[in-house]
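First up is the structure itself, then whatever we jot down about it.
A, B, C and D are the chain letters, set down in written order, and residue numbers restart from 1 in every chain.
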Amino acid sequence: MPAVRRLKVAVSGLGRMGARHAAHFLHRTPKAELVAAFTPDPKEVAWAKENLEPWGVKIYTDFDAMLEHQGLEAVCVATVTTVHAEHTTKAIKAGKHVLCEKPLSTKIEDCQQVLETARQNPHIKVMCGFSRRFDASYLNAYNLTKSGSIGRPTILRSQTCDKYDPSGFFVNYAQFSGGIFVDCNIHDIDLALWFFSAGTQVVPRVKSVVAFGVTAVEPDLAKHGDVDNGVGVVEFYDGQIAYFYSSRMNPPGQHDMTEIIGTTGKLSVNANPTTGLLESHLATGIHRDIPQNYYERFENAFVEEARQFTDAVLEGKTVPIDLESSMEAVRIGVALQESLRSGKKIWFGREGNQVEETGTKARL
Amino acid sequence: MPAVRRLKVAVSGLGRMGARHAAHFLHRTPKAELVAAFTPDPKEVAWAKENLEPWGVKIYTDFDAMLEHQGLEAVCVATVTTVHAEHTTKAIKAGKHVLCEKPLSTKIEDCQQVLETARQNPHIKVMCGFSRRFDASYLNAYNLTKSGSIGRPTILRSQTCDKYDPSGFFVNYAQFSGGIFVDCNIHDIDLALWFFSAGTQVVPRVKSVVAFGVTAVEPDLAKHGDVDNGVGVVEFYDGQIAYFYSSRMNPPGQHDMTEIIGTTGKLSVNANPTTGLLESHLATGIHRDIPQNYYERFENAFVEEARQFTDAVLEGKTVPIDLESSMEAVRIGVALQESLRSGKKIWFGREGNQVEETGTKARL
Amino acid sequence: MPAVRRLKVAVSGLGRMGARHAAHFLHRTPKAELVAAFTPDPKEVAWAKENLEPWGVKIYTDFDAMLEHQGLEAVCVATVTTVHAEHTTKAIKAGKHVLCEKPLSTKIEDCQQVLETARQNPHIKVMCGFSRRFDASYLNAYNLTKSGSIGRPTILRSQTCDKYDPSGFFVNYAQFSGGIFVDCNIHDIDLALWFFSAGTQVVPRVKSVVAFGVTAVEPDLAKHGDVDNGVGVVEFYDGQIAYFYSSRMNPPGQHDMTEIIGTTGKLSVNANPTTGLLESHLATGIHRDIPQNYYERFENAFVEEARQFTDAVLEGKTVPIDLESSMEAVRIGVALQESLRSGKKIWFGREGNQVEETGTKARL
Amino acid sequence: MPAVRRLKVAVSGLGRMGARHAAHFLHRTPKAELVAAFTPDPKEVAWAKENLEPWGVKIYTDFDAMLEHQGLEAVCVATVTTVHAEHTTKAIKAGKHVLCEKPLSTKIEDCQQVLETARQNPHIKVMCGFSRRFDASYLNAYNLTKSGSIGRPTILRSQTCDKYDPSGFFVNYAQFSGGIFVDCNIHDIDLALWFFSAGTQVVPRVKSVVAFGVTAVEPDLAKHGDVDNGVGVVEFYDGQIAYFYSSRMNPPGQHDMTEIIGTTGKLSVNANPTTGLLESHLATGIHRDIPQNYYERFENAFVEEARQFTDAVLEGKTVPIDLESSMEAVRIGVALQESLRSGKKIWFGREGNQVEETGTKARL
């Protein structure tokens, strides 16, 4: 019998990412033990019967029942975005630590409620899973930034570009996703908050945002106030600027990249995308492949995320991602989406509230 | 005696770029013959006595006198930006073809006057020297775009990043340069106009612009309403977006890059910068150098520019860069600089005039 | 209680690689269960008490005793090279499936005995762990080769370059390792046998070998007939050539790379080495890191090797690496080392026996 | 009238490379003046009438007559390889400086005669045009090597890989070319001699050579004792090894690359081949092109070669490539080709003479 103390974890939601989270906790997080999983979906239940139950995982079709699973200590919330906040809140109240898929919610009010609940339960660890923070290359970049290798981080450019999905899945999904800036660029926004606070550990405060977009391949997105190509700029108080691009039509696959530009150096993550170390030299030139989706790109980061969350809970450490920062990411994403729709630049006061632009607020 | 017909060219201004243009016409443009050069600067005159005169080039300290040089057919205007328009206008009126360094002017009115003069002298070839259009990689990208390889060009990202110049030369120069968007990003703006019209040959019309910036390393730039890091977005009518970045503090050297993103493909120019084909594998990792300045990066493009201009004149062909487009680039650069200063998003009507933003002008 | 059938595995040897194999079977091979481990070394025992025992792994200091562990089904042999063959043979005879670290032995006679034992126990799976065959990039290259994407594979270039180890560990180790061609290039030799048989599934037969080497940084290697930089060429019957390079002094880290050159295409694995996706743009140029040792480079391949071995045993499939081919790799490595020492080119007959070079054996 | 002193040059041979050399001296070597050209070939004469004569170049169909051209100072010999030595010798005797295309000859005796003639005319500059020495990336690598950046250069790997020419031109040409090691790898051999002498300025002495080859795509090459893929190793006295690869079937184009491996660093030239800075991101992956032939790769190097030769003559400096080293390259190339044919390893004594291998000559 192992004498090792392992964290008893349940996964809520067994869709695309939920199934992966379940596999990570089951097979790739030695100090965690997947004990339960919840899904209301018959197809997902069938999958779980075949793939989880034989490993001793109990399957639930009722979330509340799952929360009462004997000995359960933590929940990974990986349901559809619209119930992230509700499940997280319930789990916290039930005394379970929570790893919640990003974003906390597409609505800032829901985020605030999660934070309030978390504040009332300070012994409970709650973390929003911004997976890129656990990618080895981003982590190297962060440590270099923190150690001062590039001077003061000043400009951040980041993009999230998906391979075009001809099924048009994302068109219908646009009504729930919060829009391209909340669904895709939320990662880039989170990176900006992370890197800009690398030296000071103070989350930077947004001053203004502006967004642009077009529907180049899926005109129906406009129905939901969304686009398939978005460009956004976020200006922070204290002289930092982040600018973002997102696309639903990147031909060769997933190309997420980031540059962190400091006063004495620049760090570039994935400027030169590739799947592995293979290049084909053929009569038509030199070719390489890139990941086909974000999971191919970030699989190891998701595993590392599960491991670090597990370690933080077991060892009583602070979780690596601050919940307030995850809410701030939603605030900025929502504002970008609003700017996209209205065509207006949106200003924030130093307290985080939206303010009116005034003619006298000269930039320089 | 050669029976080849060669174009008799003069260069006006022998500063940094003027001296290079002179060398290009003298030694690297077989069908051109550098016959004269003008500079009012004693140091430049001394340089010319040593480097140009022995090759049969006549040196002038008076621009008007140079225009009267026997047999002179064309002038390359490479003086300080503030006299580009004046010299170009004079040369046209004197019946000389003109290759003018970019930008035509930092003021849109001056550009308009040059265009008016050019219109009145339709037999005279006038071209603004946007050198990147003659770079082999950009040219390949343009031809692929034109041939439809990437579908409809929709998004363009482009940056102009200089190595930090600790002499601070560019700080004082900021009062003449028109600001970072007119001085640096003008190239990127020109590329947007070029690539977005690749299929249609119609210069796209600007709908709105917005700009942001910070003074990260040279606070004194603020005196001239300028910054050392700028981010700008330009939205065009008909669903195209260009976004730009410029920096005066890129540590390893010059990094100018562009992505042209179409509905079915993306072309990336210089995402992976390098000086040549050498990499050093040392105990500290793998290292490579990049060009130290724009001339190291674009030397061959400048030579090709001189050759194509010469060929166009000798063969009576249209010059490769449309003068109206070069004026449009200035208009957009000036608007970005204005947005940077005011903090406001600037809107244009379909006729190119600035208009007030209205609350009802929803984007989607 | 899990209903999943898991393979009960023991690891023999808990040195550098043994400890890693133990961790892979324990935490990263879901269908395997590490039940026992053997090491005679007190330090390794102490490590195992802390890191394996709490997970329910029984520690043995006697190999034969471990073989009798209740329910044990398979053994991973990761002891020093000199006992690979002995442990493998014993384990086979005890009815255990074996995954043996490369090389089977540094002596061809020992290899032959392992093969003989394996032949007598056809129900036992025996595989030599040439880890590179499980690396994703090599696997992609193999599948492309097999499918005919590069025509007939004709030339293979492959290298194994270690970062210089200033402790000089490898100097003393040279007396046991079999020499640089047996210790390092054995991987490259195995790749040649694998890729050259991709289409036909017939292991190619060696015709002649020649090797060269120098002691550039560790002259003491000469005492053991070894070098720190080796170049070898292997010619096969039927018109295929493999050439190899190995080094003990690669400054930035581990750089193992391979090119498979066919009549219509070339596949290049790791021509452009890098640790991850991060590049640093600093005042001194652009920099990137590479893996510091072979485990950083091939960690995932070792895990995949454990998984595929486990699957093959559980499902009664053929193991992915043919044992005869692993012996052939040793034969070639030993011949290269012999050529290095004698300065002579070594010839083989079609039956695999060494023959005398004759003056009349013209190449063309 | 220019007061600049320009070198009066003639080009002998106006085939593929001859025509290019003529253009380089005519248009891209400011301090040279192309005054004459020789070719016996009517087609080449026609080309010259159109392309050279209008620029004042006199066309000759008799080489000796050309040597008597009024004021002629230097000759660039670019005829077929078989007359390189003869023309060079005649030109030297006529008091003309000579830039001769590589190789000096395919026969070592002819090389010796050229050297003897050169020695008898010490005021005449004679240089064999190994163009890679003038390539910017190679030059950077050389200067780094010379300055000690990589410690002692110990191993050199170099390859010359041509795009497959389906016309089969090179098959017939094989009877004149000297074979693949003399025709292609001669460049790589020259690089080995250059880099291995970077610190000491002493040309290293060959100890042994061995070569292998196959006819993978053009079996008819065997008629001329030649192959379409060759692998050769050259061992030098004093512990340096160079190994080479050449191919006539590289699918995407020309891929010539070199690694210079020193005791503390490695320099890699063109490990990551590309034509320019463009990459295409398409649905089929990321693609880039590479040069289609050696001239696309080395055009600038040829121009620089012409300039440096011209400068050396005008300024009375030593030419950058030592003639003795160019003969040594032929000696090694010829020996490799001989080893390819006989299948034997070839040994040299310290005086450069071939010797018999002896059983007692142990390597270590």
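Quick notes on this structure:
Criterion: contacts are C-beta pairs under 8 Å (C-beta built on N, C-alpha and C of every residue); 3 or more make two chains touch, one makes a residue touch a chain.
In UniProt terms the chains read A, B, C, D = NAD(P)-binding protein.
Please read these numbers as outputs of a predicted model, since none were measured by experiment.
Shared contact partners of chain C and chain D are A, B. Averaging C-alpha coordinates per chain and comparing to chain A, the farthest chain turns out to be D.
Averaged C-alpha coordinates put the centre of chain A at 40 Å from the centre of chain B. Taking each chain's centre as the average of its CA atoms, chain B and chain C sit 56 Å apart.
Shared contact sites, meaning residues of chain C that touch two or more other chains, fall at 250-251, 264-266, 271-273, 281-283.
Those residues of chain A lying in contact with chain B across their complex are 152, 154-155, 157, 208, 210, 212-217, 222, 225-227, 229, 231, 233, 235, 239-241, 243, 245, 247, 249-251, 261, 263-266, 271-272, 340-345, 357, 361-364. Interface of chain B with chain C (complex): residues 250-252, 255, 273-274, 281-290.
Chain D contributes residues 1-4, 26-28, 30, 53-56, 136-137, 140-141, 144, 149-150, 264-273, 276-283 to its touches with chain B in the complex.
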